[in-house]
Amino acid sequence: MTNAQASQNSNDNLRYERGLAKLQQIDGEGGVKVVESLAGIAPDFARLLIEFPFGDIYSRPGLDLRSREIAVVAALTAMGNAAPQLKVHIQGALNVGVTRNEVVEVIMQMAVYAGFPAALNGLTAAREVFTADDEKSAQPLAEPRALVETP
Amino acid sequence: MTNAQASQNSNDNLRYERGLAKLQQIDGEGGVKVVESLAGIAPDFARLLIEFPFGDIYSRPGLDLRSREIAVVAALTAMGNAAPQLKVHIQGALNVGVTRNEVVEVIMQMAVYAGFPAALNGLTAAREVFTADDEKSAQPLAEPRALVETP
Amino acid sequence: MTNAQASQNSNDNLRYERGLAKLQQIDGEGGVKVVESLAGIAPDFARLLIEFPFGDIYSRPGLDLRSREIAVVAALTAMGNAAPQLKVHIQGALNVGVTRNEVVEVIMQMAVYAGFPAALNGLTAAREVFTADDEKSAQPLAEPRALVETP
Amino acid sequence: MTNAQASQNSNDNLRYERGLAKLQQIDGEGGVKVVESLAGIAPDFARLLIEFPFGDIYSRPGLDLRSREIAVVAALTAMGNAAPQLKVHIQGALNVGVTRNEVVEVIMQMAVYAGFPAALNGLTAAREVFTADDEKSAQPLAEPRALVETP
Amino acid sequence: MTNAQASQNSNDNLRYERGLAKLQQIDGEGGVKVVESLAGIAPDFARLLIEFPFGDIYSRPGLDLRSREIAVVAALTAMGNAAPQLKVHIQGALNVGVTRNEVVEVIMQMAVYAGFPAALNGLTAAREVFTADDEKSAQPLAEPRALVETP
Amino acid sequence: MTNAQASQNSNDNLRYERGLAKLQQIDGEGGVKVVESLAGIAPDFARLLIEFPFGDIYSRPGLDLRSREIAVVAALTAMGNAAPQLKVHIQGALNVGVTRNEVVEVIMQMAVYAGFPAALNGLTAAREVFTADDEKSAQPLAEPRALVETP
């Protein structure tokens, strides 16, 4: 291994670890599941997903995580073609301090910019996330879920 | 005029006036221009635009205007097919206290959710708004612009 | 309660009732279900959905309901990201006098403007609506479904 | 030339001529310009554009042209990424008997399904078409424009 | 039947047969199922689907089928609203010689142009196609599936 | 500066340089202009644009550049909301060996998947790129353009 390669590996690990920590902070279990689901089909994409969106973008200091999650919930509701990711980020918004009511307001507001169907489908996603969240809270404590291992 | 019609007119005026005030607070001159541009083609739509998005949605108490404008800038950047409205709301975001740097962060973040072209075109819109804003600040004070009259 | 508030409440009821009647005329049971589904997550959005699209837009005299439903079926087929609402409006189109064959022609035409996948997915939605409609016609008469109550 | 090839050429001419007549009936000068603009870059696409959308789809008997143009104006307004084609079809709608007011109603209605920006940009397109139409009517009669030649 | 009609029928059969052969070459069983699924709702659309996309476009000599399938997988992944058709064309890409790894690379690349959610949902589609393909290979040989009959 | 930071800087430079070389190989002058245009508004985004799409994705060995550019031209044509980037990548496709005729075939094929308006607007973009290319070839040789400096 050359020195340049060693340096590259070392640095990739830094971005990866910073990104993984951010992914877990924001998306929690949902984000980890997304990464795990990629293992069999595109493991490199799991690494890129952690490094660029979470290691590079979400780790930037210029915007608080609450605002970032509001932005994502708005965008994915408006685009209307990414329901699984919208649900992950509705949970993510809750995880970083956005209230359920605020999530609902953001989605309702999208009726103005992307139409009522987009808002209705966004509200359906929110209801599913809130319900799953309620059910989990009602259950006895399970073993804490192991964090995804660094590949 | 029946009592019901009188009540309706009275109430429509309430929603309209509340919406117009909110439009001016958020979008300022840009919003007023949008309304004026509708006069010749669809004056009823100008009224509906003020009543529903601004009189109904933006007037709701559950989400602060700063978060609402972050949500709109994110959504319109991601959709990528509404450049004029994106510019109005980039200015709107600045008007309600979002910083230029935060606007840029929101748009950059959309590269993750809607791709780099959407983010690049959003940044182009932001640059145009910031430049126009700078030029306006550099000019001697003009007469204050008359507010749009209630139709 | 002030006079202004009383007037507002009275007027909101007028728009709401006009919108609810229009919703039931066009979308029938499907529209009512949409409204009911919002009760637990965003009851205010149910009210807005009735007031603006149906109380304001669909109640305008300038375009017949048949043309309005053709327009919606075309738009939702072309957008391709709102299957539940497309199904409601395919049924709505039938409810206001568009024939099954005309619905199919509108959807087929969208192959030209939004591509064959959009048209194919629209035809799948139409087949599901037509099949459900046939099955309902084949059943013995059920009790008439109660209309949604005004909140 | 084999008999099969001769038959194919003969038939392609039938579809082409039927499509060209339909294109001229609906889109008039705007449609002809679209076809002409393809001459230098993709002449085969001009032929396909006439044969499939106009020779096959618009020539089908199951839906009147007025409804077809309402469907297109709705879809292109909602998609929001095809302004040149939207203008051609706003003119096309007028050509087959849709009134200006009906065009405006269809576009306004899209605020419900695709958001206010889509409707606003559609109204801008309509205003440009109506204005150009008014200016043409105000001019002295020009020589009738030659129809596009069959390639 | 006039001579012109006879010629038209003869020629339509030529385009149809050329298109059907191309559909079977590219999309195989998946394409045939799409055509069959249209029988009950829009049989004419099945014919148009074979004639225009496959008889006209895919039969053109200027681009190899491998490149055409890469183009389709990229486009449908980026659009993100046509999962059934994306799966058919992932299989189609494999059928004309694109490797699984190349399919995954094309989909991953779409993260740059349409965002990570589009790429993630494309990878989910790819995994389903690959898994179904593996399961089919593991089964004992079934009777060869009859080709769709020419209507 | 800690060792970890030094390693990170060293590695970021490796990804950046690899990405910049790839950007110049594919998009040439057009890509460099995009990067330069970001200097005043979001210089960090210029770095991310080089590092992730070009340093990470385009540098992967699993797919040839010709196929990658065909994929991008297809996707951006189909999405229909990123004309500037489509033009850059039409030139990029030519730069890596795709012929003009193949570019036109890819765009024409998108009529099937995203509709005729998307294909027509893609052909307009292609014509502009080809014309600019012809004009440049007709000019006397200019000084070679300096490569963009590493920030």
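To keep things simple, chains are lettered A, B, C, D, E and F as they appear, and every chain counts its residues starting from 1.
Assume contacts are C-beta pairs under 8 Å (C-beta built on N, C-alpha and C of every residue); 3 or more make two chains touch, one makes a residue touch a chain.
Going by UniProt, the chains are A, B, C, D, E, F = Carboxymuconolactone decarboxylase family protein.
This is a predicted model, so every value here is computed, not measured.
**Student:** Taking contact as defined at the start, I'd like the list of chains shared as neighbours by chain D and chain F.
**Tutor:** Under the touch definition, chain D and chain F have A, B, C, E as mutual neighbours.
**Student:** Would you mind naming the chains that touch chain A and likewise touch chain E?
**Tutor:** Expected: B, C, D, F.
**Student:** Averaging each chain's C-alpha atoms to get its centre, pick out the one most distant from chain B.
**Tutor:** E
**Student:** Angle of the rotation mapping chain A onto its copy chain F, from a C-alpha fit, rounded to a multiple of 5 degrees, please.
**Tutor:** Chain A sits rotated relative to chain F by 180 degrees.
**Student:** Report same or different for the chain C and chain E interface, where same means the shared residue numbers exceed half of all residue numbers found there.
**Tutor:** Both copies, chain C as well as chain E, present different residues to each other, with under half of the numbers appearing on both sides.
**Student:** Can you check which chain pair, B-C or C-D, has more C-beta pairs in contact?
**Tutor:** C-D
**Student:** How far is the middle of chain A from the middle of chain D, if each middle is the mean of its Cα atoms, in Å?
**Tutor:** Distance between chain centres: 44 Å.
**Student:** Between chain A and chain C, what's the gap in Å when you average each chain's C-alpha atoms?
**Tutor:** So the centre of chain A lies 33 Å away from the centre of chain C.
**Student:** Measuring centre to centre with CA averages, how many angstrom lie between chain A and chain B?
**Tutor:** Distance between chain centres, rounded to whole Å: 28 Å.
**Student:** Two-or-more-chain contact residues of chain A, please, as numbers and ranges.
**Tutor:** 44, 48, 52-53, 57, 60, 76, 78-82, 85, 104, 108, 110-118
**Student:** Along chain E, where are the residues that touch chain B in the complex?
**Tutor:** 78, 110-118
**Student:** If you look only at chain F, which of its residues touch chain D in the complex?
**Tutor:** 79-81, 104, 107-108, 111, 115-121, 123-124, 126-127, 130
**Student:** Over in the complex, which chain E residues touch chain F? Could you list them?
**Tutor:** These residues of chain E touch chain F: 52-53, 57-58, 60, 62-63, 67-68, 70-79, 82, 85, 101-102, 104-106, 108-114.
**Student:** Which stretch or stretches of chain F touch chain A in the complex?
**Tutor:** Per the stated touch rule, the residues are 4, 7-8, 10-12, 14-15, 44, 48, 51-52, 56-57, 60.
**Student:** Applying the document's contact rule, which stretches of chain A touch chain E when the two form their complex?
**Tutor:** 34, 37-38, 40-42, 44-45, 48-49, 53, 76, 79-82, 84-85
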